[in-house]
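Below is one structure, written out as structure tokens, with a few remarks after it.
Should a chain be cited, it is by its letter among A, B and C, assigned in written order, with residues numbered from 1 in that chain.
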């Protein structure tokens, strides 16, 4: 029998994860939500592609942004969409936003000991017609918020949002309190500024910007009329409406 | 669950088995799974192929890969084909472990036969092949037993050029020029400069020249490459993989460099 | 745990129209434990040159004394005060002397450079811990909140801000950045330097 006592167990474990860069962001208004993400996909210092979407339409009124390990992200979105289709067939209606949020938490926690390496942000319109953003950690902890940034440049963007959306560290002039929700054009401007800033200072952010806008039923679309590059995705009249806006970002 | 009853503990007294009729099994030498040692999953690539390059052009897609399969730094097999036609509108190209790739070739060929025998007139295009491969690759990585490859899938999908990537982690993307391995550092800058925004004007001849030049650059700089390569093309005329093409190279520059060319002093 | 994050703290400097501003938080910590909320990291080198020293607290003190000594020697020898650009090179060479056993400090400088015509030009600069200088035209940041400072500053800063607007911009940038950093905060201090005066304002901030 060969003497194997001295042999060290030598093995380089296969590491099943990687990071693919990029950043996502969502902001809720009173009766609308904006969900955005850049379109660069990278690994290390290499840009793999300049167009790989990270933001996905789930239902008439729900949009999911996924950031982190792209393979896990795409698979997770695929499975969420499948669960939503099953729900549609079983109940003859679309799953409401807060239920999708709970579904996502359950699906993420199911993988507690081999997690999806992704940060999720779910945005859309709630059953009461209000704009909503839900953000998740990789194992399913979640919270409803007014705004959230996640991904590679989240540390650059989130404090900017605290200042511009929550008016943190700002004192209102007497008798003019800060607004609870911002109007749509202001929100779009903040989203675009956030991404141009992140592109300037973070190498994994850039190439393209994709912004989904979900408007509550009956809301005026006037504010989107003169925005460049808008495309409507609404499939059913007399419901909530959905739009996507595409912008270029610096490619260096 | 331990399926050997004798390991559950002997009966407390002879009342239960007075004449000792209860069979006494050979106790297993290992209390754990006896086949555990035989299962090998975490692995490393053994016989490997280097870069694959691919671009979209006016009439379809073009792919290039050299004919070398290396065993570490040894140029082990110099007549290996790394481009594989699938059906009538798809080509896949592989870098990484060649045995894993050949396993995938068999799997795909079997899949195409299964689809053909359905006799429904449908055939899998590059989008379907890529989706299938990405599921297989992601599935294997999720079992921590990956197929150690970076694969390019190219072809014509509904008359339009299709080009996409999938690797051992299940990572996927698509772009108008893609390269694996050293090609992603060395060839991609050249390919992007020539292809981006010109996908609809680049001719087959331009594309062929471009890939030829990139394969030459790679042969100069990638120590695991070979000066013999093949080109795969998918157009509306169908799929074809060329005969081996020889690269002409000129190493005169090395003459004056000490430790590279002939010793000068 | 990195030694650069041992005590925490952040500094930022910005250029305005004929003025500069430099600001820092006031926290001194021992890893996650807060120790003091009055630990200033910005020191006047001359009337027109300010130096911020975020990083390891023991090196903050050492370098402050080191620069006081070297500046005195310069002033005696040259019989004039140092200009900010010259000072940046003094900082750089002082740090590079310790190239293979560095001080764990990333200095940030702000000042007004005297011009031949008698006017002043805003000047800011920062270096890494071994003295690689970054002469920026807009803003420089350093410390444990640097990535946050970059993000907010990139969004809020604009060219040619008047002193009061520059103060508001740098104060908002710092406050909102350090509120998202566990190792910075506990109050802040802002210096705005113009050709005829330097204003120091101590700001209240979140104490959590």
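Definition applied: a contact is a pair of C-beta atoms (placed from the backbone, for glycine too) under 8 Å apart; a residue touches a chain by one contact, two chains touch by 3 or more.
Every value quoted in this text rests on a predicted model; they were computed, and no experiment measured them.
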| item | value |
| --- | --- |
| Most central chain, Cα average position | A |
| Per Cα centroids, the chain farthest from subunit A | C |
| Between subunit C and subunit A, distance of the C-alpha-averaged centres to the nearest whole Å | 36 |
| Chain centre separation (subunit B, subunit C; CA means) in Å | 53 |
| Centre distance in Å when subunit A and subunit B are each reduced to the mean of their C-alpha atoms | 32 |
| Subunit A residues within the subunit C interface of the complex | 153, 155-160, 162-164, 168-170, 193-194, 197-198, 200-201 |
| Contact footprint of subunit A on subunit B as seen in their complex | 42-44, 134, 138, 141-142, 144, 146, 165, 169-175, 184-185, 188 |
| Residues of subunit A defined as touching subunit B within the complex | 11-14, 16-18, 20, 41, 43, 46, 48-52, 69-71, 74-75, 114 |
| Interfacial residue positions of subunit C with respect to subunit A in the complex | 147-148, 150-152, 154-156, 171-172, 175-177, 179-180, 205 |
